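What follows is a pair of complexes built around chain A, which joins chain B in one and chain C in the other.
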Partner chain A sequence: MSLAENKPAALYHRVVVWLLFLILLLPLAGTLLYSLSTSWSASILPSGLTFKWYVALWSDPRFLAAFAQSLLVCFAALLLSVLLILPLLFVVHYHFPKLDGLMNILILLPFAVPPVVSSVGLLQVYGSGPLAMVGTPWILIGCYFTVALPFMYRAITNNLQAINLRDLMDAAQLLGASTWQAAFLVVLPNLRKGLMVSLFLSFSFLFGEFVFANLLVGTRYETLQVYLNNMKNSSGHFNSALVISYFFFVLIFTWAANRLNKDRP
Partner chain B sequence: MSYLSIRGLHKSYGSTPIFSEIDCEIGKGEFITLLGPSGCGKSTLLRCIAGLTGVNGGQIILDGQDLVPLTPQKRGIGMVFQSYALFPNMNVAQNVAFGLRMQKIKGSEAEQRVKQVLELVELNDFAERYPHQLSGGQCQRVALARSLVTRPRLLLLDEPLSALDARIRKHLREQIRSIQQELGLTTIFVTHDQEEALVMSDRIVLMNAGKIVQSGDAESLYSAPVDAFAAGFIGNYNLLDADAASRLLLRPINSRVAIRPEAIQLGVQGAIEGQIHSHRLLGNVIRYRIEARGVELLVDVLNRSPADLLASGQRINLNIEDNAICEVA
Partner chain C sequence: MTADKPRGNRGRWLALLCLLPFAVFFIAFQIAPLVWVAVHSLSVGDSWGLGNYEKIFSSKFYLQAIKHSLQIAFWSSLFGIVIAVLGSYSLRQVDSKLRDFVMAFSNMTSNFAGVPLAFAFIIILGFNGALTLLLIKIGLIESFNLYSKNGLIVLYTYFQIPLGVLLLYPAFDALREDWRESAALLGAGTWDFWRHIGLPVLTPALLGTFVILLANALGAYATVYALTTGNFNVLPIRIAAMVAGDISLNPDMASALAMVLVGLMVVITAAHQWLLKRSYHVAR
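Then we have the complex of A and B:
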C-alpha cells in the first residue's frame, strides 16, 4: 500500500492507466457518437443526435435474420461441443489419463492452421460428393465446433484437475452411487463454473467470427459479421449502429463470463 | 473364525506385480494398520478390498461372503481418502446424507442418522457449511461421518491424516480410534507413519515391496523385528552386520543384529568402552553417536537434566543386555 501512496509514482501510474483507457475507448466512443448523430462531416461535433440509425437497424429484417442466424449457429455449435466434449473429458480423465497428452496436441490443431487455409480444405472435402454441405449452416456448426474445442477442453480440464475427479468418483461409488449417478450428482455440478466460463468465451469468439462464415457459407446463410461486411457500402451511421449493437451484446456476455468466474461454486 | 480374510490375493499392472500372495486374517472389531513405505502396495491393497481396483487372483472374504465379484457399491464398505474427497457442491449435511440418499433412505430417519454421526465427530454446528469453509481436520471428520452414516461392515482409512498438520493429526487419530472402539467397527488403516501405526492399532501389518513382512501387535513389532527392513522401518535401530556385531560383542555372531538405541545403557559398569562422537537433542531424548570397538552406535538417553549432558570426545562405558540384541535375517 505504501508504494501506491507514494504521490508522484501513484500519479504517474494513474496517468498511464487513464491514457491506456482513453486510447482504447476513443474509437469506440467515436463510433458510438457517430451512430447517434444525424450527420457529422465537416464539423468538430455532430450537428444533432438521433436514434434513427438504431431504429432503422433493429427494424431491418435482413439484420434481424443475420442476428438470429448467428445466434443459432453459435448455440448449435456450443451445444454440440458440450454434448461431445463433456463425456470425452470424463472418459479421458477417469479411464485413460494418458490420453490427455494426445488430446492437448489434437485440440491445438484448429489454432495451428489459419482459418483461410482450413476453409480451403473444408471447401474441397465438403463442396461436393456425399457430404456436400458448403453453403448450409451445417458446415458452419461443425467448423465452429472445432474452433470452440480448445477453449472448452482447456477450461474444463483445469476445472476437472481442481476437483480431484478420481477420488470424488470413488467416494461416490463407495457410498452406493452408480457411475452415472456419480457423474451427474457429484462431478457435473462441480464443472458448472468451468463449463459456463468456456461457453461464454467461445460464444463471444464465435459470434464475431468472419472468415469461416464468409468463405464457407457467405450470403447463403448470412451471419452477423457477413451482413456487416455486405453493408460496408451503406451509410456509415448505420454501420456504426451495427458495430455498437454488436459490441454491446458481446460486452454483456463477457461481463457475465467474468461474473461467473468470480463466484465460488 | 476371522471376520475378514484375505487369501492368496495378488495384483499386477501388466507385467509389474504390485503385490502377490497376500494372506491376512482380521477379527471383528479389530483395528489393523497397513504400514509400509510409499510404493509398497498398501494403498493398492486397500483399493482392492474396496473394489475400486480389480485383483488378478485370490479371495477377499468378509463375513463369509467373497467380495471379489462384487462392485464397490455392493460391498458395504466405507472409505476415507487422504484428499478428503468431499463433494464441493454439497454442504456438510448433504455430503453426509449422500450415502443414505443413494440407499433411498429419506425424511426423518435420514435426518436423524446424519445428526447422530455429526455429533459423533463433533461437527453438529457445521451442518450448513460448505467444504471450502472448513479446515483440513474438519473436512476429514466430515469425510469420516459420511463413511460411517451408511453403517459399513468395514471401514477403510487411506492415509487420512497425512495432509494435516501435526497437532490436528494427533488429536484426530485419538478421535478416530475412540469412535472405532465405540462402534466396534472393523477398520483397516493405511499409513507410512510408524508412530501413527504404533499408537492406534490393535495389530500392525508391515508391508514392503508387495509382501507382508511381519504382522503383530505394536510391542512385538517394535521389540522383535523379523528382518533388516522391519528393524530399519520401525524405530531407529542400530543395524550391524555379522562382522561388526562380533567385534562389538566379542563373540562369534553369524547374522545381522539390530539393537534399539534406547536399550543401550551408558555410564554404568558396562563391559564395552566407547567414546562420544557427537549428540543431538530431540527434545525429551538426547541421541548420542558413540564409537565403540570400531563400531558406530546410536544411543538414546532420556534428557533428565542439562547437567547430565556428555561432551563430545568423552570416554564412556556401555552396557548392552543380551535380550536387547535382536538377530535379524
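Then we have the complex of A and C:
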C-alpha cells in the first residue's frame, strides 16, 4: 500500500495523533499531578508528592454519602429506563414498525431541549401540589430516564436490526413459544450486549450529570457532582483528588463498554 | 416481508398497553415541563402576550447573553471541528494499536465535562495554572484569563474535540482510498484531491457534526457555572439564575429566555436533519 512508501506522511499522521492525545491528556495529567502534590502554587512543577489528599477524601463522610447517593440515583434511573424502553423497543419494532419514525423525532427532544430549559418547567410543575418532587431523588430518576433515552434507544435499535427480530420471533413461535416466551427467552438474550453497552455508556454519562442535580435537588440530596461544586472553596488538592477519583470510576465503566463493544461478533 | 400479519386485535391492544408506562414518564418529564415553559413564556403579570420576548430583544443585558452564547458556541465548534478533522483523518492512517488506544482515550474524555473539567482547567490554565505560568515564561502569552470569553472558548473547545472525533471518524468511511490513488494516477496533487474530491464528499458530515457541536455548546451550563459561579453572562446561566438564584426569581421571564434557547436549538436540529437527508451516502 501507499502508506508504507510514504515516510513523511506516515510520520505526520503519527505526530498529529500523539498531539491529539496530549491535548486530551493535559487537563487530566495536570489534575492528577495536583492531587498528588503537597503544595503547588505559582510554580510550574509541584514541590512534593503525597497521598494525603486521597486519604482525606475517602474518609470524608459527606463525600462517601454523595458518592453512594449518586450511585443509587444512577442505578435506579437505569433500571427505570430499561423497564420502560425495552418493552417500547420490542412493541415498536415487532408490532408497529412505523412508530420508529416518530420515536426518532421524540428522542431528539432531550438533545434539542437542554436540561436547563426543562428545569425551568420541572421546578414549577413539580415544585408544589400533589406531585411535589423537587428536592427529592425521585425527580432526578425521572429526568435521568429522559437523558438516557436517546442513547439506549439508538444502541438497542441497532442491535435489534442486527438480529432480525421478526425471523427470530417467527422461528420461536413455530417451535411452540408464546409471544412472551419468545420475547424473554429468545430475543432478550440476543440483546444482552447492546443493552450492556448502552447501560455502561449511560451510566458514565448520568454519573457526571450536574444541571438537573444542582437545580432541582441541590444539597437536599447531594450527588457527587453537586458535592464537587459545593467544595470548590476548599483546597484545590482535595478537589483534584475528587476529580481524579471520579474520572477513574467513569474510566472503568467506559472501558468496560469499549471491551464489550469490541467482542461483538 | 409481511409487515402486517393478522395477529388479532387483542395482541395489538396489549402491545399498545406496553407503551403506556413509557408514554406517562416521557410526558411527565420531557413534554410537560416544555409545555409549561412554552405557555408561561407568554404570561406577563396577570395577562398574556409577547411582553417577555419584547423585553429580551430590547434589553442589552439579555442580548449580550445571547451574543456571548452564540460566539462561544461558534468559535469552540469551529476550533473543535478543525482539530477533530485533522485528528480523525490521521487516526485512520496510523497503525491499529495506536489508533485503538487514542480512540478509546478520546471516548473516555468525552465524559470529562462539566464541573470536573472546570476544576481541571483552573488548575492548568487558571491565573496560577501550570500551563499559564509555562506559557508566560517562554513568552508566548502575557497573561491568560480563563474566566473571560476567550478562556471559555478554550475550555469549550476541549470538550468539543472528543465529540467531534467520535462523530467524524466514521465519516471518513465515505472517502475511499482507491479514489485517492485514481486521482493521483490522473495527475491530481494532494491539494487537488482535497479541493475537488475529499472536501465535497465530507461536507455533509462536517456540517452535520458542526451543527451538533453548536448545540452541545449552546446548551452547556455546568462548565461555565462551575468556572464562574454564574457570573459570566450566557443564556443558560441567565435562565437558571431566574429560577434558582437568590435574588430575582422570575419564572415567566426565564421561560421566555428558555424558549429563545430552544428556538436556536430547533433551528440547529432542523438544519442537522436536513443535512443528514441530503448527505452523501457511499454505495455499498
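Convention: the second predicted complex is superposed on the first by the 257 of 265 C-alpha atoms of A that agree within 3 Å, B and C clash if a C-alpha of one lies under 4 Å from a C-alpha of the other, contacts with A are read in each partner's own complex, and residues count from 1 in each chain.
One rule holds for everything that comes next: a contact is a pair of C-beta atoms (placed from the backbone, for glycine too) under 8 Å apart; a residue touches a chain by one contact, two chains touch by 3 or more.
Every value quoted in this text rests on a predicted model; they were computed, and no experiment measured them.
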Partner chain(s) touched by A:Val243 [first = chain B, second = chain C, both, neither]: second
Touching partner for A:Gln173 - first (chain B), second (chain C), both, neither: first
Contacts of A:Lys232 with chain B and chain C, given as first, second, both or neither: second
First, second, both or neither for A:Asn190, with chain B first and chain C second: first
First, second, both or neither for A:Gln181, with chain B first and chain C second: first
Which superposed partner A:Gly121 touches (first chain B, second chain C, both, neither): second
Residue contacts with chain A in the superposition, chain B compared against chain C: C
Touching partner for A:Asn164 - first (chain B), second (chain C), both, neither: first
Chain C contact footprint on chain A (complex, rising order): 1-3, 9-10, 12-14, 16-17, 20-21, 23-28, 30-31, 33-34, 40-45, 80, 83-85, 87-88, 90-92, 94-97, 106, 108-125, 142-143, 145-146, 149, 166, 179, 204-205, 208, 210-211, 214-215, 225, 228-229, 232, 236, 239-240, 242-243, 246-247, 250-251, 254-255, 258
Sites on chain A touched by chain B in the complex: 163-164, 167-168, 170-178, 181, 185-186, 189-190, 264-265
Of chain C, residues touching chain A in the complex: 1, 3, 7, 11-12, 15-16, 18-19, 21-22, 25-26, 28-37, 40, 83, 86-87, 89-91, 93-94, 98-99, 102, 104-109, 111-117, 119-124, 128-131, 133-134, 137, 158, 161-162, 165, 177, 180-181, 215, 218-219, 221-222, 225-226, 236, 239-240, 243-244, 251, 254-255, 258, 261-262, 265-266, 268-269
Residue ranges of chain B touching chain A (in the complex, touch as defined): 50-52, 71-73, 75, 77-79, 81, 83, 85, 87-89, 98-99, 102-103, 132, 143, 146-147, 150
